[in-house]
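Chain lettering (A, B, C and D) follows the sequence in which the chains are written, and residue indices restart at 1 in each chain.
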Amino acid sequence: MRTYLAHVELPNPILTASGCAGTGRELAPFADVTRLGALTTRTITMAPRAGRPTPRMAETPSGLLNAVGLQGPGVDVFLARELPWLAERGARTVVSIGGGSVAEFSALARRLTDAPGVTALEVNLSCPNVEDRGRVFARDPSAAGEVVSAVRTAARYDLPVIAKLQPDVADVVAIAKACVDGGAEALSMINNPVGMAIDVDRMRPALAAGTGGLSGPAIRPLAVKCVWQVHAALPGTPVIGMGGVTSGRDALELVLAGACAVAVGTVLFHDPYAGHRVLRELEELLQERGFDRLADAVGLAHRPSHRTDREESLP
Amino acid sequence: MRTYLAHVELPNPILTASGCAGTGRELAPFADVTRLGALTTRTITMAPRAGRPTPRMAETPSGLLNAVGLQGPGVDVFLARELPWLAERGARTVVSIGGGSVAEFSALARRLTDAPGVTALEVNLSCPNVEDRGRVFARDPSAAGEVVSAVRTAARYDLPVIAKLQPDVADVVAIAKACVDGGAEALSMINNPVGMAIDVDRMRPALAAGTGGLSGPAIRPLAVKCVWQVHAALPGTPVIGMGGVTSGRDALELVLAGACAVAVGTVLFHDPYAGHRVLRELEELLQERGFDRLADAVGLAHRPSHRTDREESLP
Amino acid sequence: MRRVDAYHALTVVAPGIADRFRPGHFVTVAVGGPRTSTLTRRAFAVHDVKPDYGGTVELVFTVRGAGTAWLADRRARDPLDLIGPLGRPFPLPRDPATCLLVGSEYGAAALFALADALQQRNCRVDFVLGAASSDRVFGALRARRMAETATLTTRDGSLGVRGSVVDVLPGVIADTHADVVYACGPMSTLSGVTAVCAEFDIPVQVSVEELMACGIGLCMTCTVPVIGDDGVTRMTRACVDGPVFRGERVRFDDVGTIPFDAHGAPGGDRAR
Amino acid sequence: MRRVDAYHALTVVAPGIADRFRPGHFVTVAVGGPRTSTLTRRAFAVHDVKPDYGGTVELVFTVRGAGTAWLADRRARDPLDLIGPLGRPFPLPRDPATCLLVGSEYGAAALFALADALQQRNCRVDFVLGAASSDRVFGALRARRMAETATLTTRDGSLGVRGSVVDVLPGVIADTHADVVYACGPMSTLSGVTAVCAEFDIPVQVSVEELMACGIGLCMTCTVPVIGDDGVTRMTRACVDGPVFRGERVRFDDVGTIPFDAHGAPGGDRAR
């Protein structure tokens, strides 16, 4: 069940979401990372980062709040120790990058572009822009477009650049268009909307950071909506759908809305075997529905509706 | 457990959310509507509206998508048949109003302002602005401020105007400020973020309308975040918190984040007795924590944190 | 909890509901238990009420998705959260009449309490019950025992006449000289039944099914285009204004749309 | 499922986990059943493993919130979804030594398999077990039976010495001439135990508890500031790099903060 991110072929459409599969090594006891469509790294930053204080997580109904704060060892250690492990095994690796300024994003793209084993760059636009009082790039079409275009310029011409979007914006389509105009070959959505929980016993925010990113099945309707709207506006742009996928049915929902690949994130914390399970379930569902190729199902829910549809669903 | 919306005193802080308590009559077999802090009507429009085609609902994990489309008989029938029923019983009634233009909002405010039994007007800003290609007022600070100020001008000076906000905007604080500048005495949040589900058997959007509003516990972290951020920026503005409240603990979460009143919405569909139950539970939790007055708990989670907090939470 | 062919039958002690029950009522059930992610109650017609234990209510259902799967897993004495009786029940004829009860799939379950009530009023009762296959025809035996005639249909021909309840309806109406028809089943069946009754010019009461988020009139998700006494079509709540309607009042062809001539249909005002 | 004073003890057939178990390991359990709204697995120390049924694992827990309440409701033969054994177990001394095992509340549960392993290596084992009240002191009897000495403490004085395990520790270390201490319990207890051991200049192994979203090293939510072999403090995952650490390496006073001198602490780079 091949799929394509721009010109890059993936053997199957199931990826891991950034920040949810460790360095790959941690997932290895549960899943053959080389048999995933691709593994997306956690967001790599220039310098090492200690992240946020704990508590970094809180459970919410069908959701998880996290405020990890992009903890990581920095790009040098990533290139020296993490990427080679994946490259040696032949895993396809989407490297997520994050920075506080356009310059930092393009410096990261330059450092990574020729490293062996990088399949694509994913631009994590949910990073605060230090030059705009910490407003995240993903919330502003021009800032988002500028970052993407800087990364596109810095990266080798044949390395796809994926822009990762967030749902809690006024108009996700406007951001998507700005990214595509900036040179993004594909879009990844959704990153976590910002949420919060209060511990009513301590009478304090549950997370040390106060707010955090919401993930898990709770946000799937937001993900489906974003994928749907962006696919309607930009049908030619490949979309990696994610947000609360736990099963093949959930993955199919995103595919029918317009995603040509689907990433599993939070579900891995509950079921580290989920990548291959979701793939198998998706294959079965597509087969049952008579699809030979994934591509035939992508965006299919957009076709004009017939009045008989509802009758068909009756027993 | 009194609370205040601007100068209007409510006997207790539990309201019903707009569109979730019918006309009041339907709730009456389960709850004494006069013993609620207030009942919020579904959004009243000038003309009668048939709403959206069915299916109008879809269940999502810990959430509900709805696309009712403000079905209702219009303001005349509301004034003739619905409001009097509430007024006769002495229920406090927040009337939610919605329109497609600033003029329509102010016309509604004029029609309603002297009607007996109206406790406050809630401006549903999640209505598409026909003069801005259907972009909802709630997504644009200047459009939101304009509507609120028109309603404020049209309504009697002593009738509080509440602006109802939506979480899926770039900056909820900016919208809140625009509404307060426009004359809103209180804010209500959150209205449903837009979401979507696809029926993978029919391979179609689950809702006839395509997208719908997401409600229920799934969105509570988004509600807590909005209340928190707005209370931090506008500590003097009363906030009615709502979004996925199912219990006294959930209500307390919003109170600690900054809400001085809390509305129950979707939970009524599951438990029509929830209004009084949530009130009782909230009262007990406040008592256990040594609060004599609700006001002392409002926004309490904002107080600067102490290092010992975490230890206190250990067994 | 019992299995009856393809169905699960669930008996719940619920004196308050049993007391006030009239045929055609339904109940809603909370599913999934504490901390479930399934928020909405599930609606089920009341199949029967009995005086045991102060009053019990019996539901008959098929497993469709998460909620019914959970329900099928309940064991004896597990507590269950029910609200009911809900909806407008079937109106009963004032004078003795010949009543034809038409049920498709689990729709049949709602008809037996109705048949009892009709017979108590000295009505003649006939049944037409149908389903996809023989194991899905609910209550065939009981129908045969209690009614004047019971005609069975299956799509696959594994029991009775091959075809649908609508196919056999003209013949049965002619044979029984039915004065009134009561029907329960999917919209497409109800639509067909209503059309046949119009031909014969006899009244038909249908019990419709639309997705319901609350079941008690709060949410407006369960609406169906129904023509009122004043001739005006309104989007009418199936839960409190139905689920039983006069068949000819329901605009079956327009279910899933807002008919252009419905009260408040788009045109003038455009707010969301 | 058994009750042991204030605790629930749960035995699960899990040969794969029992096989590879070493004292100090933990498991994570999926809670809530199908369609639950509780997404994260719950972590529990393995109390004991037995060879029955190919290998069983015993967990001991208190009901705290939704997940443990659900777990306490399980009946015999209900299937349970476990992942394990997880984490770095307690390191055992190469040569026979006098080992003092300190457990507070349910932390005590993790120490008995350790005691067995130590005794098999001809170590002397002493216990200090404490809790808020007598019904919460886990394993007092077993400790008394198997160990050289067992000192019990309760906050309310209802059993043993009134006070905490930390209060009695200096005396017990002096009496037993302990060579090494192992400790399990809340962070504040571990911090106190570590301070006492530092005074006596004996090594201490602590098993820490931090909120864990995955338990297997994927999510980075469970980090604790720990000083590495190179002297540099890093935010270190409790699930895969712990939960057992050398006490003096854990910066207890800085838990819940990012120490300014930690590797990658804020200062230069500021992306989220």
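Here, a residue touches a chain if its C-beta (ideal position, glycine included) is under 8 Å from a C-beta of that chain, and two chains touch if they have at least 3 such contacts.
Just so it is clear, the model here is predicted, and its values are computed rather than measured.
Of the two chain pairs examined here, A-C and A-D, the one linked by more C-beta pairs in contact is A-D. In this assembly, D is the chain whose CA centroid lies farthest from the centroid of chain B.
In terms of their C-alpha centroids, the spacing between chain A and chain B amounts to 32 Å. Annotation: 57 Å between the Cα-based centres of chain C and chain D. Between chain A and chain C, the centres computed from C-alpha atoms are 45 Å apart. Taking each chain's centre as the average of its CA atoms, chain A and chain D sit 35 Å apart.
For chain B, the set of residues touching two or more other chains reads 55, 61-63, 216-217, 310.
Residue positions of chain D with contacts to 2 or more other chains are 35, 37-38, 255-257. Because contacts link each chain to all the remaining chains, their graph is best described as complete. Those residues of chain D whose C-beta lies close enough to touch chain C in the complex are 32-38, 66, 69-70.
Considering their complex, residues 61-62, 217, 307, 310-311, 314-315 of chain B touch chain D.
The touching residues of chain C, when paired with chain B in their complex, are 30, 37-41, 83, 210-224, 234-235, 240, 255-258, 262-266, 268-272. Across the complex, chain D is touched by residues 19-22, 26-27, 29-30, 42-43, 45-59, 61-64, 66, 68-74, 98-100, 104, 126-128, 130, 136, 208, 216-217, 266, 268-272 of chain A. Taken in their complex, chain C has these residues touching chain A: 35, 37, 62, 105, 132, 186-188, 255-257.
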